[in-house]
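Next up, some structures in structure tokens.
Both complexes below contain chain A, partnered by chain B and then by chain C.
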Partner chain A sequence: MANVAYPTEPLKCWARAKELRQRYYEDYAKAHDTGGLRWAGGAWSFDAIPMGLGPDVYPLTSEPYAASIAFNREFSKRCLEATEAKGYARDLCSYMRNYWGSLLLNEYAFGGPFPRPDFIWQDHICCSHAKWYQVVRDLEDDIPYYCIDVAVGPYEEARDRQHRVQYIVDQMHQGIEFLERATGRTYDDARLIEAVKNDCRATSAWAEVSALNKTIPAPLDEKTMYALYVLGTLHKASRDVADFYEELRDEVRDRVARGIAAVPNEICRVITDTQPPWGFLKIFRYMEKYGCVSVGSLYTFGLIGAWEDKPNGTWGPRTTPMAAGTPMETRDQALHILADWTLSRPEWQHFYSPHLKSQLMLRIAKEWQLQGVMLHYNRGCEGLSLGIAENRLALIDAGLPVMVFEGNMGDDSEFDEDATKNRIDSFMESLGIKRPGEEL
Partner chain B sequence: MVTAGIDMGAKWVKVVLLRDGEVIARGKALTGFEQKASAAKALADALGQAGLSADAIDRTAATGAGRKDAPGSPIELTEVTAAALGAVQIERSARTVIDVGAEEGRAIKTTDAGKVVDFAVNEKCAAGSGAFTEAMARALETPVEEIGPLSLQSSQAIPMNAQCAVFAESEVVSLLHARTPKADIARAVHDAIANRIVSMARKVGINEHVVLIGGVARNVGFVDAVERELGLKITVPPDPEFVSALGAALHAAERRG
Partner chain C sequence: MTERFAEWYKTRHDYARAWKERTGGKVVGYFCTYVPEEILIAAGVLPVRILGSHEPQSVTEPHIFGMFCPFCRDCLAQGLKGRYDYLDGIMIAQSCLHIRQAFTSWVQHVPVGWSYYLPFPNHVQSRAARPYLVEELRLFKEAVGAWVGRPITDADLDRGIATCNEFRSALRELYESRKAEHPPLNGVEAMLAVVSGQFVDKTEHTTALRQLLDALDGRERRDPKIRLMLVGSEDDDVEFIRMVEACGATVVTDDHCTGTRYFWNNVEPGEDRLGAIADRYLTRPPCPSKDWPTRSRVPHILDLADRWGVQGVVVLQQKFCDPHEADTPAIIAALREKGIPSLFLELDVTVPVGQFKTRTDAFLEMITADDLF
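For the complex of A and B:
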């Protein structure tokens, strides 16, 4: 270990995070026991909208569910084999392949048979999302399916933004009609409005948590952040998640005030990119032996976090509509806010342009005071890996040391642990960081 | 001060002994299945040449894939750092180092002090490594030492479509059955490796003074192919397979005790 310089302590709200996640998966599985409904869709879905159907409507968002499978390497292997045996290609999204495998095996990662959804509520952020539930419908007949096309271009381009938002809002209105037809329930706008407020609270608070990691020493490391941001990917519009993120934000503020570090021997700060190889998160602990902490990534900051430029020029949490005094009293107002708010989230932007992604990464490098960047050439996600080689060149042109490693977020056969550790060793040496146990 | 650098390669263990920064001996042994014994043999070889006992070594550093098995609990450094240090020690103006060994190929952008700026490694496929050349030499029924000079006799370039060592071997056999001259096939093999290695080197950026090291740098056919692919002359230092061991020995000398 490098010299210990900073105090550290566990997160107080860690157990609460674990409990929320466990309950989420249990609630979904048991929904029918109490007359509730189950829906399935991507983590990018507008999850606030089905909440207007009532308090007993539970989602299963597919990517974090698939990541949970990937973390369980034995189960993941069986899922991937089942999908391949069914004839689906190995180079498809590995989240999708894990999810389909769980369905094909009829095994739920949290015990019991796979809980069939009552309806599907999806959006099309990438081409895999467009096909994912089409296949689910092929495998499971007659599941009502609605999806929203969100391919409207980057938020930063203000030109025509209102028309882009309106395009999505129109689909949302139709989606609510679909939900009423599919479930036979009457839609409650008051519940929608509360859910949109929860979404704004949760995603703004997560951005502030991420922004607090600009502090040296970083109060959080990315491996820990993975276990926290996931709640936003599960159900960002739920009151529980919004409340939890505000609790977490307050605790992280306190850690910053008291100088509590995630990695006590922090001497080097990096970010990563895209989803990690979930079965090998231990590589983050390997880096920490060098005193190298990954303080996050555009992915962990921006998939859930809602951000804005602050008056002092820095990047910080987006001001919520409630704080800004924006009216939210009708269905249409709530949907407009939800569409605008969601489209502004940073992780959505690089689906539209790798150059925007490079700009965002360079901004993070500057404001989070990084020594380098570790890019995961993730063969499991074509959406988030698209343009990553362009990002590498932009970072190098700006003078940032960059290490790349190949892998797959959900298929461990495409990740070489020893070779990756060797690359980390080389990268640390190139940054002038001594090997653990060697003299400084 | 005497320092030792040990490069625990996949095929060969190489040892360099330095006294006050000057090379005083080199040793080499086939890695085989007993890495530790092979390293001890290579080290004993070098010590014998220098007329020294093991006690005379003040500090040792090890690099290479098997560095954790190097004798004597040495300082460890990666192949990337060792290659850059060694190459710049020999060729002061080197800024791009291409290192092709038995198992891996790597390209490194370095500073004038041998500090790594960027690197790329081909670690998942044999197509850019010495093992590929050996496999193709077997398919050609030609000793590996002769495949380089043989390729220089080629009169025509034949594109080789397969990058994978397994498929490339099939392609070589097909070319032989089609009575394609061995020299042309040998050139095609080297062109394929060079294409892959240079493509990787371009990712880190080619600076004008390129140094080629590693055991495959002894292959004149490969050197010729790399030069044609790059469109510039490259430098191959004497004893290119010892450069990383030299880098390790330099690293050991630089470390404070």
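For the complex of A and C:
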């Protein structure tokens, strides 16, 4: 393969992304200083709904928080040990174990003691989701807890069977009653409607950012995307995140127009799967030595992004209810839209069949023009490793080269860096790519 | 009298084949006890729970990542090895992620004529769950009716409900008998009586249960020595329970899905038949994957321990079972608070009987230590 050198440049909005993330964790920690409220819940929680309680209600979403712990390997080790010492199994979700450890140690990853939430607002699709905060309530005194079951089957079926959407909407309505009881505040539907619009804007814009990576050279690499998609996992219904994703989308469009690459020597495009081993993101830089760029994953595209089939047959950002002219004037309308919108999330479909995920991955392989796929057999997350072995078989059957590596997103004792690099070397060789300086 | 249950357990596949031949009916393999058997029975279908065989196997590695529970891999192995080749269909009621993989891989790789995924609610404690489940049961009833070629009538449902209720009531009576100071049957016998009911025609099985109940008074009573309870995930490991009881104990009750969780409560018959079935499954002693936000299992387990005079609890779980692993520390703590010691053991496809025996011996010795000193 010929050497290429695309132009590259840093993202202009990078500093803004870092600022938003930093402020998010500070706002949560300091909420009580100004009479505000703190809530804890998963990255997939319907964060738009607690926003109806007022402008001073701050979330701490557990998975990205735990990933931040995992990135700090020394702190993570102490968290995992604290959890194990309390009697919890080592094979449980490693995000959960890191989070519980931070609570048990009473140490906040961003400094100071662990800021206790005023209430818990969770959702449940993976077996661990609801249990996560049940245990938090074991470890802390009775924190008011509400959790919404969203496991109603794949979106293609649910949208034709409205009782499934209604089940979620009913729980949402009851959840608002819970929020009023737990906080003593009066709920403001106007704030809810605004937040749902933000959610739709943010998640659609993120899908467009991801879709722009179909371009060769890719304007973004996955390691960079991790630092950007995380904002959606923190607070997708906030105006700041929605505005930021639209700003980012405009910048990425500009990069595409000018041919700006994330990796100047891009010659090979792959995607990964599920969360990476957060303490070892340097493996992405290792791949880049070969000119191999991970242009994303179903995880980075579909964990937060809202997608739809476009008239030309491609996969692109879902049309927002605002653009479609769907009425959103009442609480019930807003909740229905939120439930329907969220059920289409690509990363929720494989919970019902690995074949739905395989189809999506094959679609990405085609539209994003990939040479291969790297599957992370992630011991830390049963939800996103669900069906991964069947995904491997399906991708191979379709003729796509697949590399498998085993690890753990949040427990570095289960990741072997050298062995993974060796696998990357072999995978690159199998794709006919030589390390720089080794070209024939 | 209990030999019949042991025989059914051992020859379950032969039984199902013979049943098909005898009745001309269809057989459905199911993966979780949240499957509403009432509706299958109403349609004249034999529901057969898919269980593992507790043998080492090497066929599931390409299909299920090794971090998922041994039970789901063992179940899939049975399908891949063709041991359930008599099934006309398979189904699952949505429960844990682990067993779901056995179902989805089975659908993909083991030829079967009919399959059904019943999206059972997880938030069973929510009042939103009932209308949702009732509608899912209606869709399921229609699907089964379409499959067997005739609609399921109210009379059919009444029959299905009555059949299951009679079966469950008989098992409750059997378990009641184990409260006695000298129980008339041991834990292995009780477990086989329950688990065989998961793949034998319920009417036939209830008849056998009734015969056993009638004969209990004449049975030689057993000195239980130490009264134990089993708590945890699916467990039909006969050899393990036999070993525990041989160490000087008797299992008198349990909380797992091859035990009380399967049969504990009945459908309360009513005009709204699907609503009545929904109520039964929403209020049954839950699998931990559905037991939230309140952990209702803890008071239920303590109540069982109290009423059956339990002196010690063996907490057993399938390795990698996250819902159980999240409950275990709370359960052990609650038992400790009540002065009930517990032993935690992790199940794999095969059980290290030697190691477990050493630990069980030590556990039983600990329980009797007060008597010694």
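The working rule: the second predicted complex is superposed on the first by the 432 of 440 C-alpha atoms of A that agree within 3 Å, B and C clash if a C-alpha of one lies under 4 Å from a C-alpha of the other, contacts with A are read in each partner's own complex, and residues count from 1 in each chain.
In the analysis below, contacts are C-beta pairs under 8 Å (C-beta built on N, C-alpha and C of every residue); 3 or more make two chains touch, one makes a residue touch a chain.
The shown structure was predicted, so the numbers you read here are calculated from the model rather than taken from an experiment.
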Notebook entry, point to check: Given the superposition on chain A, are chain B and chain C in a clash or a fit?
Noted result: fit
Checklist line | Which superposed partner A:Asp91 touches (first chain B, second chain C, both, neither) | finding: second
Check: Does the superposition put A:Arg435 against chain B (first), chain C (second), both, or neither?
Finding: first
Margin query: Quick one: is A:Asn422 in contact with chain B, with chain C, with both, or with neither? Answer first, second, both or neither.
Written below: first
Notebook entry, point to check: Which partner, chain B or chain C, touches the larger number of chain A residues?
Noted result: C
Note to self: Which partner chains sit in contact with A:Pro401 here, chain B, chain C, both or neither? Use first/second/both/neither.
What the structure shows: first
Notebook entry, point to check: Can you give the closest approach of chain B to chain C, taken over C-alpha atoms and in whole Å, for the superposition?
Noted result: 6
Next item on the list: Jot down the residues of chain A that show up as touching in both complexes, chain B in one and chain C in the other.
Entry: none
Next item on the list: Could you pull out which chain C residues touch chain A in their complex?
Entry: 61-65, 67-68, 94, 96-98, 100-101, 104-105, 107-108, 117, 119, 121-123, 126-129, 131-132, 135-136, 139, 288-289, 292-293, 295, 319-320, 322-323, 325-330, 332
Note to self: Which residues of chain A touch chain C once you look at their complex with the stated criterion?
What the structure shows: 86-89, 91-93, 124, 126-128, 130-135, 137-138, 145-149, 151-153, 161, 163-164, 166-167, 170-171, 174, 351-355, 377, 379, 382-383, 385-390, 392-393
Notebook entry, point to check: In the complex formed with chain A, which residues of chain B make contact?
Noted result: 75-81, 115-121, 123-124, 255-256
Margin query: Applying the document's contact rule, which stretches of chain A touch chain B when the two form their complex?
Written below: 396, 401-402, 404, 406, 416, 419, 422-423, 425-426, 429-430, 432, 435, 438-439
